[in-house]
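All chains are identified by letter, namely A, B, C and D, in their written order; residue positions are counted from 1 within each chain.
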Amino acid sequence: MSRTLKVGVIGLGFFGARHARVHAVHPSAELVAVCDQDPAAVEQLSSLTGAQGFGDFRDLLAMPGLDAVSICLPDRLHEDAAIAAAEAGKAILLEKPLAHSAEAARRIVAAVERSDARLMVGHILRFDPRYVQAFHAAAPERLGTPIHLRARRHAVRSTARRLGDRSSILFYMGVHDVDAMQWIARSRVARVYAQKREVLGNGNEDALYAVVNFENGAIGCIDYSWAWPDGLMNGFRSSFEIVGTRAATYVDCADQGFYVVDDSATSGGDTHLWPEINGRIAGDLADEIGHFVEATLQGRPYLQHHREALDAIPVLDALAESAKSGRTVDVLR
Amino acid sequence: MSRTLKVGVIGLGFFGARHARVHAVHPSAELVAVCDQDPAAVEQLSSLTGAQGFGDFRDLLAMPGLDAVSICLPDRLHEDAAIAAAEAGKAILLEKPLAHSAEAARRIVAAVERSDARLMVGHILRFDPRYVQAFHAAAPERLGTPIHLRARRHAVRSTARRLGDRSSILFYMGVHDVDAMQWIARSRVARVYAQKREVLGNGNEDALYAVVNFENGAIGCIDYSWAWPDGLMNGFRSSFEIVGTRAATYVDCADQGFYVVDDSATSGGDTHLWPEINGRIAGDLADEIGHFVEATLQGRPYLQHHREALDAIPVLDALAESAKSGRTVDVLR
Amino acid sequence: MSRTLKVGVIGLGFFGARHARVHAVHPSAELVAVCDQDPAAVEQLSSLTGAQGFGDFRDLLAMPGLDAVSICLPDRLHEDAAIAAAEAGKAILLEKPLAHSAEAARRIVAAVERSDARLMVGHILRFDPRYVQAFHAAAPERLGTPIHLRARRHAVRSTARRLGDRSSILFYMGVHDVDAMQWIARSRVARVYAQKREVLGNGNEDALYAVVNFENGAIGCIDYSWAWPDGLMNGFRSSFEIVGTRAATYVDCADQGFYVVDDSATSGGDTHLWPEINGRIAGDLADEIGHFVEATLQGRPYLQHHREALDAIPVLDALAESAKSGRTVDVLR
Amino acid sequence: MSRTLKVGVIGLGFFGARHARVHAVHPSAELVAVCDQDPAAVEQLSSLTGAQGFGDFRDLLAMPGLDAVSICLPDRLHEDAAIAAAEAGKAILLEKPLAHSAEAARRIVAAVERSDARLMVGHILRFDPRYVQAFHAAAPERLGTPIHLRARRHAVRSTARRLGDRSSILFYMGVHDVDAMQWIARSRVARVYAQKREVLGNGNEDALYAVVNFENGAIGCIDYSWAWPDGLMNGFRSSFEIVGTRAATYVDCADQGFYVVDDSATSGGDTHLWPEINGRIAGDLADEIGHFVEATLQGRPYLQHHREALDAIPVLDALAESAKSGRTVDVLR
C-alpha cells in the first residue's frame, strides 16, 4: 500500500461532507473521490477538494488505486454499499450505525470477513476525551464491580423532523450509547424493557426510555429523546454515568465551555465533536478519521474490532421490539 | 383555636430535630412538647427549646391544649402515631413517606377522615423554588401535552448504610419524585417496570431504575441510587425534567452555588433544603413548616390535599413489586 | 410595643411592592400603610393588602400607632425619608444603598443615633444561604489569612437603561459586593483604583473594573457590568471568591437550578432572591424582612449594625472618584 | 525541504516530553533528536521514540538534516536557545512565553528576522475550540465595539511551589490571557494598573489583579492566581469574556465534562488541552504542533505571526512594573 491512503467518500450529507473535508487535509490521506446521488453535493465537494465526483458508489469503487472509503449514507443504504466495498477489498470507515438491523449488520460483517477488506465503525465516542477517560476510570481495579449505569442522548425536535422516517432515535442516536455502555461496563446487555412515545408527528419516535440488564449483573438505564424544543442550549445533550463498588465516573456534555449572548438568548457551540477551528475540522471526528487513515496505512488493528461494533446492533433490535410489544426482550446474540 | 399554634414533635432524629427547631422560632408556633424513645435526644431538644419532654407519643398527645404535631418517626412507625394523633383530633404534619405501604397509608387517611384531624404530608419539593417553578412552567397552556418526564435522586452510600433495613430507596428518597412527577405532569402513574440492584450489603437496594406510563399517555423514567461513593460533591443529586409538545422545563440540583476548597477536595453545601443561616434553619423546610402552622391556625386548606399525597404510595408498592418480580405491574388505586 | 409590628412601606417600585407583599403576610407584621407619589401604585398595593394609602411619606409617618417603615425609594431620596423616619422614632428597614453618597449616609446615621429610631440596611446577601455559608467558611480558623478576593455582579443592559441617571452601577449593584467583601474578608477596603466605560448611552456607566487593597493586606478585584445583552441566561450573574492561606471558598450564582426551554431559547428564573412560591414571596428577601420584623418586635439587635452598613459607602465614593480621575484613591473613613 | 519534517525537541520537562511524543507520531514529522541537561530525561524520551539524545542544544542544532525544533526550556533560557536556532535557520516552535522580558523577546525576534528561520510561539489558546470560537463570535460585525473584557487563569498552589523563582504568574500563566485579550479584542493594551500579593512563600507572587485600558477604548480586567488549595476541582480554572455593543461571548473552562468520584472526593481531568486518548496525546497541543509541522512543510504562514506574539510581552513587563510600583504604567511598544 502506498505511503498515502487514497480515499473516497460515499454519501455527502452532514457527515459525508465532514469526512471529505477531514480526509482532504490529512497529511497521510488523499481524497480522490466523492459520491452522492445529488449532483450539487458532488459538485460542491469536488470543487472544494479536487476529488473526482461520482453519482453511483459502484463507479467510485471501481476507481483504480482507491484504498479506502468512508461510507456516510442513510442507515438503510449501509448494507449495499458496505458489502460492495468489502467485495472490492477496500478499507471501510462506516458511519454509525453499522446497519439498520441486526441481520443487515451480520451480512456486512460476513462480507468483510470473507474478503480482504477491513472495517471500522464510526463510533465517535471512542475518540471523545470525556468518554475515553471514563472508560479508563471504569477499569475494574479502579471502579470495582459495576452496580448501575445510565446513558442519555437528547436532541432538539428539528433534528427528528429533518430525518423523518429515514432514521430512528435508536439507530441515529442510540447506537452511540449502547456501544458506550457495553464498552465502559465491560459487559453486554442481556435483556431490555423499553417504552417509547410518538406524539410530535415527525415520522419517528419522540423519546424512548429503557431499563436493561447486563450479563455481569449490572442494571442500566437508557434515556433518549429528540423531542426537545429547538431553543435547547447547544441543541443537544448527552451524559453517561457508571457507579461501581469502589468508585464511580461520569460524563456530562451539557457544558461546552463556549457561549454567545445576544439580545434574545444565550447560545453555545460544539467544542468537542467536530468544531471548525482555524478553517479545518478538529476534535473527535478528526481524530477518529485520522486513526482510520493511519491504522489502515500501517496495517495496525483499529481501536475497536468490528465484531465489538456488531454487538450493539442486536440491543437496538431488542429495544425496538420491547418498545413495540411492551414486554421484556432477551437480546439474541 | 388560639392565635399561637401549640405544637409537639414526635421523633427527634435528623428531621425531627429540625422540625423542633423551626417550630421553636416560628412567630405563630409554640413548641410545647418533644418526644423520642431516646432520652438523650429528648433532653437535648427539651433544653434547647424549653419544650416538655416525652418518651411515649401517647403521653404527648394527651397534653392539654396541644393543637398540632410533627411526626418524624421511621417509616414503619408512621401508622400507629398518625392514627393516634388523628383520633386525638390534632393537625398533623407527617414527614414523608405517608406510610411504608399503600395499606398503611390508606388506614392513616381513613383515620384522619373520620376524625376532626387534619393531615399534611411533608412533601418538601412542593416548597422548593426550583420544583414549584417547574410546576408552573409545566402548566398545560405553556408546556402543551407532556411527552416524557424523568426524575432522579441520588445519594452517597453512607446514607444507605446508616438507614439499613429501616428504610428503602423507594420510601426514603423515591416518594419525593413519584409525588413530583404526578404533581408536575398533572397525571398519575398507571403502570411500572423496575429493576433493582443489591450489591453493597447495606440492607437495602443500591439502585433502582424504572420506566413508567402515565394515565395521560406520557412515559416516565425513574432513576434512584444511593450507591455513590461518599466523595460525591454535595453528597446528593436530584433532577427532574418534563418535555411537552410546546415547551419543556427542568430542574437540576447538582449545583448549590456555594463551594469550599481545601488541600484535599472541593466540597459544597445545601443552600435550598434546610440551610442553617444566621443561627436558624431557613429554606424549603422552614417554608413548609411555616405553611403548616399558618394554614392550620387560619383554617385554610393545605397546599397539597392528603388524598393527593396518598396517590404516591401505590406507585411505590408497584415499583417494589416489579423490581421483585421482573414484570410490569399495574398501579392499583 | 405591641405583639404585632405595624409597618408602612414608602416607595412602591420593584422593591417596595415586594416589601409590602412580604409584610402583609408575615405572621408578626401588620401592613398598615403604603406610600408612593404615583397614585396608581398606591391604589394597587392598597387594594391588594388593605393598607391605607399615602402620597407623601410625612403623612404616612404621622399615622398613629405606626411602629416601623420599609423605605424603598430611589437612592437620592433616601436621605430625606430616612431622616424624617428617624426623627419620628420608627424602626427603619432601608433598602440598599444606605444613601447616594458618604455624606448623606453619615447624616442618616447621625439622625438615627440622636433619636429613638433603629436602622437596618437591606443588605440581602446577609440572608442568602450561599453568601452566609461563604462567610462561615471564611472564618479565620478555617480560611487562614485572606490572600485575595473577588466580587462580581453583572446584569443586562435593559436594567441600566430602565434606571438611567437615577442610579449608578456602584450604588444600585455595587454596594452589595463592597459590603460582602468587607464582611467576608473581616477587613475594610483602604485604597482603590477603578476604570469605567460609558458607551451604551444609558445615562450611567456600562461597566466598572477595580483593584482594591484591604486593611489586612489582602488584594481585591471588583467586576461590575450592566452592559450584557438582554439574552443573558437568568438576566444577571453574581459571584464571589476568597482564597486564604489555608482554604478558599466561593459562591457562583449563575446556575439557579431551574430552566425552561421553548422554541427560541433556554431561560431560567430566580430561585434564591425573591422567588414567588405558592402565591407568596419566599427566599432571601422574605427572610431579611422577617428578621427585621422579629428583631424589632423582640428588641434584639439587627444582624448587621448600621455602622457596619455605613462602612460600604465611602468605598463607593472612592471607586467613583478613582474611575473619574484615573488615579488610586484612599478611602476616607 | 523533505516531505517529512525532521524535528528536535530542546528541553524535556512537562511540555517538552509532550512535544516529543506528539512529533513522534505525527504522520508528517520525524522526531530525530531530543535534548535536556538531565541525562535521565534524555534517555527516557530517546528510548521511547528512537530519537538521538543530546545534552547541549548546540550539538542538537548541528545535526545534519534537522529542519525544525520545539524549544520547551524554562522562560529565562528561551533567549539563548531561540537565537541559536534562528541563526541555524531552523523553523522554531517556541513554548510560551516568547521570553522572560520584552528586551529578550525583541532580541529573539530580531535574530529570526535577520535569518532564514521561522518562528511560531506556542500560544495554545489559538488552537482551543472554546477560545477560537469566542474569537469568531467577537468579530466586529457580530460583537460591535468591545466595551469590557476580562481574562482569568487560576491554578493550585502546588504549581507555584514547583516552579518557585524559575517563573512567575505573569510569564508562566499570564501570557496566555494577555495574548488572548489582544487577539479577541482586536486591540492592544495601552495602560495597566496591577496589585499583587506574596504570602505563601513559594518564591513567586500568589496572585495578581489588574485593570487595563485598550487602545480602542475598551477596559479590561485581569485575574491571576496560583494560590488555590490543591483540592480545587480539576486543578486549574480559566475563563474569558468580552461584552460588546451588539453581543457578548464568553469561555468558561471550569467544567471539563468528565468526573471521577471515590470515597473522598469528586475530581475531574483535562479533556481539551492535552488529554491522553488511546495512547496518544490529543487536543489543543496536538493540533498546535500539527499546525506547526504542516505549515512549515508547506511553507504557509503560521496562524499567528511572531510579531503578534511579541505584542504580549511588553504588557507583562508593564504589569510587573505596576504591581511593584503601585502606579499605572503605560505599555511601551
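What to note about this one:
The criterion applied here is as follows: contacts are C-beta pairs under 8 Å (C-beta built on N, C-alpha and C of every residue); 3 or more make two chains touch, one makes a residue touch a chain.
Every value quoted in this text rests on a predicted model; they were computed, and no experiment measured them.
Taking the CA centroid of chain D as reference, the farthest chain centroid is that of B. Note on interfaces B-D and A-D: more C-beta pairs are in contact across A-D. Centroids built from CA atoms put chain B at 42 Å from chain A. For the pair chain B and chain D, the distance between C-alpha centroids works out to 52 Å. Between chain A and chain D, the centres computed from C-alpha atoms are 34 Å apart. Within chain A, contacts with two or more other chains are made by residues 228-229, 232, 246-248, 261-263.
Every residue of chain A that touches chain C in the complex is listed here, in rising order: 228-233, 261-267.
Here chain B touches chain C in the complex through residues 26-28, 126-127, 129-130, 132-134, 137, 246-253, 255-263, 269-272, 275, 277-278, 282-283, 287, 291, 294, 303, going by the rule given at the top. Considering their complex, residues 145, 147-148, 150, 193-197, 199-200, 206-207, 209-211, 213, 217-221, 223, 225, 227-229, 232, 243, 245-248, 326-328 of chain D touch chain C.
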